[in-house]
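In what comes next, subunit A is part of two complexes: it sits with subunit B in the first one and with subunit C in the second one.
Now for the complex of A and B:
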């Protein structure tokens, strides 16, 4: 995984350099105008967050089943990125809403469940930091609970009446606004590359922290 | 007993205005932005720029936390190495 870091970092830099140009050249949406361009980093941030949730879920299941520390480190790294990209989504959304809806926030189903999902992953990190011995397994369970909640965030706009745009907006983009597809795709790829780069860096940090902890334990055992 | 009664009466008096307060009537429908006069419309550029800057700051902050934690791990390794050498 470490071998992939440098090529991924270069690819991320290239896509992030190209994405703003594509976003600037994208046509203005007819009713929302310029503010719609926030979508080019609001939607990809949620895509990256969902990638983090999927990785955290798989790693948490592996950790609960096998107790392998490597799986726990991957889950912890992914959970941190869920909080990071979730925060970007939660902040950029209201910036768009202020112009489009006239309010920063609405306590409707989509927004409220999204906030709760983000808080569950904040709780994951809090449990890991302050939970004491055995907190890793409890955190893994919290991560799985968050994963179970995550589909509700996505489908909430189709189940309940909300002010948020429906899930059908994105799949219909190639037909309704084909010129918006390249910048949206570039942004999504850029965010996923960034997610991968940060994930690798965070997993490596966790590996080094674990190695230092093992050295301390070995030294204490040797002294005893 | 009398003390408790006074506390109850005072708390009722203090909370009464809060309970009596009613939120303003909600808007029954959303108005299209085109109906809003230009003087009341918000400029979009600052919102777009704020969103982009926030994203960049959030990522930079996260990278900084990783860098800081890596530095701590390296310091721990150095300290451990020094302790091992002095023990010899």
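Now for the complex of A and C:
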């Protein structure tokens, strides 16, 4: 994974350089105009957040099943990124909503539960930080339950009347607005690459922290 | 064997509670204060906003449930009895089920008081569709208590458990509460909207299944030191 880091970093830089050009060339949406371009940041950040949730869930299950510290480090890194990308989504959403709907926030299903999901992963980090010894297992359970709630967010828009666009907007994009597909794809790839780069860096940092802790312990044992 | 152990755990908690009535009294009083506080906050010129009744009912259940969960496990911690339970040659999931049944029945008793109280204060027709309403309450309470029992048990070893329990529990169980409030509101509408209520009930039941399955699986792992 460490070997992939540098090529991935370069790839991320290239896509990030290309994405703004593509976004600038994308056609203006007929009713919302320029504001609609938040789309290219808003949706990819949620995609990255869901990627983080998926990774956190798998790593949490692995950790609960095998107690391997490496799995725990992956879960923790993914959870931090969930909070980070979720924050990007939660900031870009209201900015767009203010122009499109006239309000910053609307208490509808999608928004409420996205906020909720984000809060679960904030709670995950809080448990890790203040939970004391054994908090890793506790956090893994929180991650697992958080993931169990997440499909509800996805389907909530379809069963609940809402102002938020339905999830079917994304699969139908090539038909409804083919010119928006390249910039959207570039943004999504850019965010996912950025996600991967940050994830690898964070896991490596966690590994080194654990190694340093071990060295300290070994030294203390030797001195005693 | 499995259910016998679960019932034994339930009987033990029941016997203690019948003698002291500590948790039940506190939970009930707390629930009633919750209803009052929300009534003060929401009622304007003697009129409660529409749909206030189901929201207040579920908030009261949620808050007093948190209190009951905390107290139930505090008792085990204080008496160092959870270790004895865990040492017993019994399947761990059975202990969880026993504890869950205890919390659910405690909250059930609290709801026996709460529902008529909310109906009385807000003039809500809680008894028009008694069967669906009962199912809604049971399903919602089980969903909330399923996660709550697991997390309260896990948090016993953590120093900051009193604060962490609501922080962890509320975001995870809010979908159940939302569905409970929506479903109850649909049943309280005149005329009662059974289709909508059944849909929300189905969602709550789905959450119940997911939460209980996950809890049964993780309880064993999480309670091992």
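Keep in mind that, in the parts below, the second predicted complex is superposed on the first by the 224 of 224 C-alpha atoms of A that agree within 3 Å, B and C clash if a C-alpha of one lies under 4 Å from a C-alpha of the other, contacts with A are read in each partner's own complex, and residues count from 1 in each chain.
Throughout what follows, a contact is a pair of C-beta atoms (placed from the backbone, for glycine too) under 8 Å apart; a residue touches a chain by one contact, two chains touch by 3 or more.
Model, not experiment: these values are computed from the prediction.
Asker: Please indicate which partner A:65 is in contact with in the superposed arrangement: first for subunit B, second for subunit C, both, or neither.
Answerer: second
Asker: Can A:205 be said to touch subunit B (first), subunit C (second), both, or neither?
Answerer: Once the two structures are laid over each other on A, A:205 reaches subunit B alone.
Asker: Answer with first, second, both or neither: which of subunit B and subunit C does A:127 touch in the superposed model?
Answerer: second
Asker: Once the shared chain is lined up, is A:35 touching subunit B (first), subunit C (second), both, or neither of them?
Answerer: first
Asker: Would you sort A:149 into first (subunit B), second (subunit C), both or neither based on which partner it touches?
Answerer: A:149: touches subunit C, not subunit B.
Asker: A:73 in the overlay: touching subunit B, subunit C, both, or neither? Say first, second, both or neither.
Answerer: Touch status of A:73: no partner.
Asker: Comparing subunit C with subunit B, which touches more residues belonging to subunit A?
Answerer: B
Asker: Using the superposition on chain A described above, determine whether A:96 touches subunit B (first), subunit C (second), both, or neither.
Answerer: first
Asker: If you stack the two complexes on chain A, which partner ends up touching A:137: first (subunit B), second (subunit C), both, or neither?
Answerer: In the superposition, A:137 contacts subunit C only.
Asker: Under the definition above, what is the set of subunit C residues touching subunit A in their complex?
Answerer: 147, 150-151, 154-155, 157-160, 164, 167-168, 171-172, 174-175, 178, 199, 203, 207, 210-211, 214, 218, 221-222, 225
Asker: Would you pull the subunit B residues touching subunit A in the complex into a rising list?
Answerer: Counting only subunit B, the residues touching subunit A are 30-34, 42, 44-45, 47-48, 50-52, 54-55, 58-59, 62-63, 66, 69-70, 73, 76-77, 80, 83-84.
Asker: Which of the residues in subunit A end up touching subunit C in this complex?
Answerer: Residues 64-65, 112-113, 116-117, 119-120, 123, 126-127, 130-135, 137-138, 141-142, 144-146, 148-149, 152, 159.
Asker: In the complex of these two chains, what residues of subunit A are touching subunit B?
Answerer: So the residues of subunit A in touch with subunit B come to 31-35, 37-38, 41-42, 45, 80, 84, 87-88, 91-92, 95-96, 98-102, 163, 194, 198, 201-202, 205, 208-209, 212, 215-216, 219.
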